[in-house]
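Input: one structure, supplied below.
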Amino acid sequence: MKKVSIGIIGAGRIGQLHASNILNSSLLQLIAISDVYTDHLKGTIYEQQVPIITNHSEELINNPEIDAIFICSSTDTHALYIKAAARAGKHIFCEKPVSFEIEETKEALQVVEEAGVKFQVGFNRRFDKHFRRVHEVVKSGKIGEPHIIKVSSRDPEAPPEEYVKRSGGMFMDMTIHDFDMVRYLSGSEVTEVSVNAANLVDPMFGTHGDVDTALITLTFENGAMAMIDNSRQAVYGYDQRVEVFGSNGVVSAENEAQTNVQIATKDSVELDHPKYFFLDRYKDAYVEEIKEFAEAILEDKPLTCSGEDGYKAELLALAAKRSWEEKRSVSLTEVNTVNI
Amino acid sequence: MKKVSIGIIGAGRIGQLHASNILNSSLLQLIAISDVYTDHLKGTIYEQQVPIITNHSEELINNPEIDAIFICSSTDTHALYIKAAARAGKHIFCEKPVSFEIEETKEALQVVEEAGVKFQVGFNRRFDKHFRRVHEVVKSGKIGEPHIIKVSSRDPEAPPEEYVKRSGGMFMDMTIHDFDMVRYLSGSEVTEVSVNAANLVDPMFGTHGDVDTALITLTFENGAMAMIDNSRQAVYGYDQRVEVFGSNGVVSAENEAQTNVQIATKDSVELDHPKYFFLDRYKDAYVEEIKEFAEAILEDKPLTCSGEDGYKAELLALAAKRSWEEKRSVSLTEVNTVNI
Amino acid sequence: MKKVSIGIIGAGRIGQLHASNILNSSLLQLIAISDVYTDHLKGTIYEQQVPIITNHSEELINNPEIDAIFICSSTDTHALYIKAAARAGKHIFCEKPVSFEIEETKEALQVVEEAGVKFQVGFNRRFDKHFRRVHEVVKSGKIGEPHIIKVSSRDPEAPPEEYVKRSGGMFMDMTIHDFDMVRYLSGSEVTEVSVNAANLVDPMFGTHGDVDTALITLTFENGAMAMIDNSRQAVYGYDQRVEVFGSNGVVSAENEAQTNVQIATKDSVELDHPKYFFLDRYKDAYVEEIKEFAEAILEDKPLTCSGEDGYKAELLALAAKRSWEEKRSVSLTEVNTVNI
Amino acid sequence: MKKVSIGIIGAGRIGQLHASNILNSSLLQLIAISDVYTDHLKGTIYEQQVPIITNHSEELINNPEIDAIFICSSTDTHALYIKAAARAGKHIFCEKPVSFEIEETKEALQVVEEAGVKFQVGFNRRFDKHFRRVHEVVKSGKIGEPHIIKVSSRDPEAPPEEYVKRSGGMFMDMTIHDFDMVRYLSGSEVTEVSVNAANLVDPMFGTHGDVDTALITLTFENGAMAMIDNSRQAVYGYDQRVEVFGSNGVVSAENEAQTNVQIATKDSVELDHPKYFFLDRYKDAYVEEIKEFAEAILEDKPLTCSGEDGYKAELLALAAKRSWEEKRSVSLTEVNTVNI
């Protein structure tokens, strides 16, 4: 059976995760990895099993044996690689966000469109079995018209200061997943964003002009409302829950616990903690994500999350940032200055 | 043992509930009930067991054998009865809201203060064992500083149109409980209110200028934030949940199910519905509420929810209404035109 | 409305519980309480509200104003009072077990039958909303033919030695409720009993020839099997769960927790304990039990648990005891030496 | 890094599962597969990725490059392959049961012991994260001395008749996992077995002298008791739960649901079904099982489940069969005619 052959640009944590999943996949084949630094790959399974390890991304982009490029490099380089890969006729899987500048994202996606290649953005949570089931239940009409969508999304621990400096801010770095999730669950487009945020977890965030705690309210075209709550630090574990309340019912997804074990003694009745790390919580989702990318290419099917989804989530992050800065509700039309 | 002797003004649904609980109480004694209509009490246990049934509230207020008055009449009459009862030296239990006009509420509470009588407002949910436990856990410091408070409060079915006309609007009638709840759980005062609301359940609400669905964001003095979500119609039952997320953990209270029974077949795995009716869900809370009122009088102890709590919840309802009308965040100082 | 007027024989813990529930009931009226000792009732609500408090049970049995007798005295006196009350034409509510001797039980129930009075035995768990729902689901056929029935029944703490001496042994005193429960849930009769038991909790039980831990296997006429597990001491609370597994599914009832609160911190995820005390766990069941007794009398309806149910549970306790003593499976025909 | 090189004998469902997991493992390397039939492997990843596919098991056993043999053939061939592999100095992973004849098992294990090779039996459930956690909690002493151990183990659907004919009977084929589990959880040895069983699911089982439903009671050296309940058909999914109740508390493991999604409508409150298929439920356990086998070889560590564990579970299956046939409790000394 034909496999989709892959080159990965960027061999950091997420690049290595995809590399590992591709090596175990029956639909994808890993041909090459490029990174400006490759010393850390010495002696790893990547060196042993990946034919090409290089410091030059052009080697991947110009390699006729490579069908698709995974862009896992730092966000400020995404647009450049997207355009180069698209022009070389490669399909593209790009980590989120597409870029920090909405104009840049627009331009990159236009090149993609002109090239006619597949483009998937890395919103892994759409491939989580729990959230996908919620999405399907909403879509089936079982709970009627959606009225209220709630997303709790809290990281187990704050990222290091170096990361915060380059993250683009909490809305662009972390909440962007939740912006995509409310679009995915509601099946409708956001018209307005209103943010209440604060720096409660660690003053470090504030020194970089960032927040670490937020309540974000969104209004949708179909009349529904959504509320996202974020924290950079949930000491009890990675907290990832959603709920969609509608005219005929409610559907929700709880956290995955580390085990289903319960212990009761005189002093306490204890359950196990939620999974702590995102690579653990979304382990299967990351596998499913690239499997569906491969299938979309092999069978020429539409993608589960497209460039447009990446673009719209970025718009929401921009609107949220402006809402926070200007202490007012922001309409999507205010930030959506370009058409796509 | 000395019992607190009670007269109830208003023999509607909530008045009868209190009457029934007082009849079963070992701390309170029901001496009299007054209502403009009393025909519906004929042949009931109230007629059989309550010495005085009258159409004249003065008979209660002037009765020297009565220690305390329960005000369960329509909201527009509350202030009048509060003042009369306070001036007669009676302790007062008053259903929520104290009044529809904040100036009126203020004036009534001033009379209460001058009279030196006890005054409790009917925020029954403070006496619910689940919410009380959440309150205690927060207060204990176990979850650290509160950052995000979430209250889901959804009625099982929409009230009749006649009720909606006189309800004072969803914020004053229904959300007022949730406004009190976020104050109870946070242990801090709200500084700002921002509302996103809509008429999604039934156009009838809109014809009376009311909403039926809302997301309400609140900011507290201590830096915490809260989110209330409301719907007038949760078809699966009375949905009453809270969560307080803090620097050291999270505490939450789930709905009470009708039974703890689970049924699994080839087709489904089913749990029982949440309790459907507020009198069922808060049955024990209503009993506890009047027990603590009696104890506060008998032992001259402070009340769990005071006139000030009633006043502040009304302020929040006013701020919410203004936020909704003016589509902007409203500071409490804008509506709090009076000092208490 | 006519109420059923009641006399209670035996004013210990369970007698007082029924007295209190009758005082709060709209269907029953408490006329008299008798006990050999009545000093402990001085100054209580019973003295204040019950017209007759006496040391002579005949005053109740011969009182023409009394419709029904509650027998809450020590088990060795039950048969005597049953026969006297039946002959006086009183309906009877009798605490479990009917007696310690199966012949005595038979004889008492025959007198009841001849007198044509109602007789209810105090298997309060049949009136628990959770177990009743399980019973109804099984009866509805939703889970098909019952194959395996499981009952976990564990007390929170061991009874005092004085009680153990007079209890009739764990099977007669504690497991008797579970024997009734498996009959109630299966809708079939037991044919065989096999016991595995031990003295693991406290050597005190062993010194009185009793056990404190048991696994009891039962076979039913309809082919189903049941397993009861008992312990005299579950340090985490009163553990009362059932499960019925059948050809088309499974239905189960979990414990009631003290609250539905969950607390998650870095160190633990905690739920609340199960209700600890049987009066707390079965509070509503005790109310429902006497309500249905009253209705059966007022409307001449059949009882939910009859003398026959009491008799059959005793047979099972006897069979269990013999199985334990003789280390073998015991057929019900071996102990059922009398017909009823 | 050195990998353990593997040859698999038997390419049926379980053999292919191990083959697939070995191909994805960083500790094991799949050199060869043998089976009497190999046509079904044509065109699969096994043909593509496994160097040797043969009909002759000797090719594996005599291959000096192979460190360990996985025996996944039919049970009646296990002992033969065990002895041959052990004599060739290969480590052995053998599926359960070791054999159908306890003498044969004993003999095979003696050859293993003399050869000094590692021998692991395929009790995959010991590697399930939920059950392992329960085991660890018991071992930690947190719940005190174990008193009652409960194992629910029900297959989602009955096996085909062809399988039933060769399965060795329910106790040897299915319950053997549960016999191992109660030993694993209790940390003690069984002294006595008592079985109550029936043919309730499908008469087909009865025609082959087998049962499909059972309650099995076990007594342990340390005084604890266990109860296993089995059914060949739980229509709602694969039901795999355990509970250990002890002097200081209780620990239990619930089923894994397919998702953590809950749907509430007017008609029902629904959860997702338990995982249906054993390969789904124990997916991670099968991976962990071979990982620990590899580590035991590479680091010369003791195994989590040894030949002795396989032997003892078989003894329990024999005792259960005899208990069922002779309708009496059977002591382990009656079946344990050999020493190991």
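The first chain written gets the first letter, and so on, giving A, B, C and D; residue counts start at 1 in each chain.
The rule we apply is simple: a contact is a pair of C-beta atoms (placed from the backbone, for glycine too) under 8 Å apart; a residue touches a chain by one contact, two chains touch by 3 or more.
By chain, with names taken from UniProt: A, B, C, D = Oxidoreductase.
Owing to the predicted nature of the structure, the values given are computational and were not obtained by experimental measurement.
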Of C-D and A-C, pair with higher C-beta contact tally: C-D
Inter-chain centre distance, chain B (Oxidoreductase) versus chain C (Oxidoreductase) - centres from mean C-alpha coordinates, in Å: 40
Intercentroid distance (Cα basis), chain C (Oxidoreductase) paired with chain A (Oxidoreductase), Å: 58
Distance between the centres, which are taken as Cα means, of chain D (Oxidoreductase) and chain C (Oxidoreductase), whole angstrom: 42
Multi-chain contact sites of chain C (Oxidoreductase), meaning residues that touch two or more partners: 235-236, 248-250, 262, 264-266, 272
Pairwise touch network: line, ring, star, complete, or other: complete
Residues on chain A (Oxidoreductase) engaged by chain B (Oxidoreductase) in the complex (per definition of touch): 145, 147-148, 150, 154, 194, 196, 198, 200-201, 213, 215, 217, 219, 223-225, 227, 229, 231, 233-236, 239, 245, 247-250, 327-329
Residue ranges of chain A (Oxidoreductase) in contact with chain D (Oxidoreductase) within the complex: 24, 26, 45, 129-130, 133-134, 137, 142-143, 248-256, 258-266, 272
In the complex with chain D (Oxidoreductase), residue positions of chain B (Oxidoreductase) that touch it: 235-237, 257, 262, 264-266, 268-274
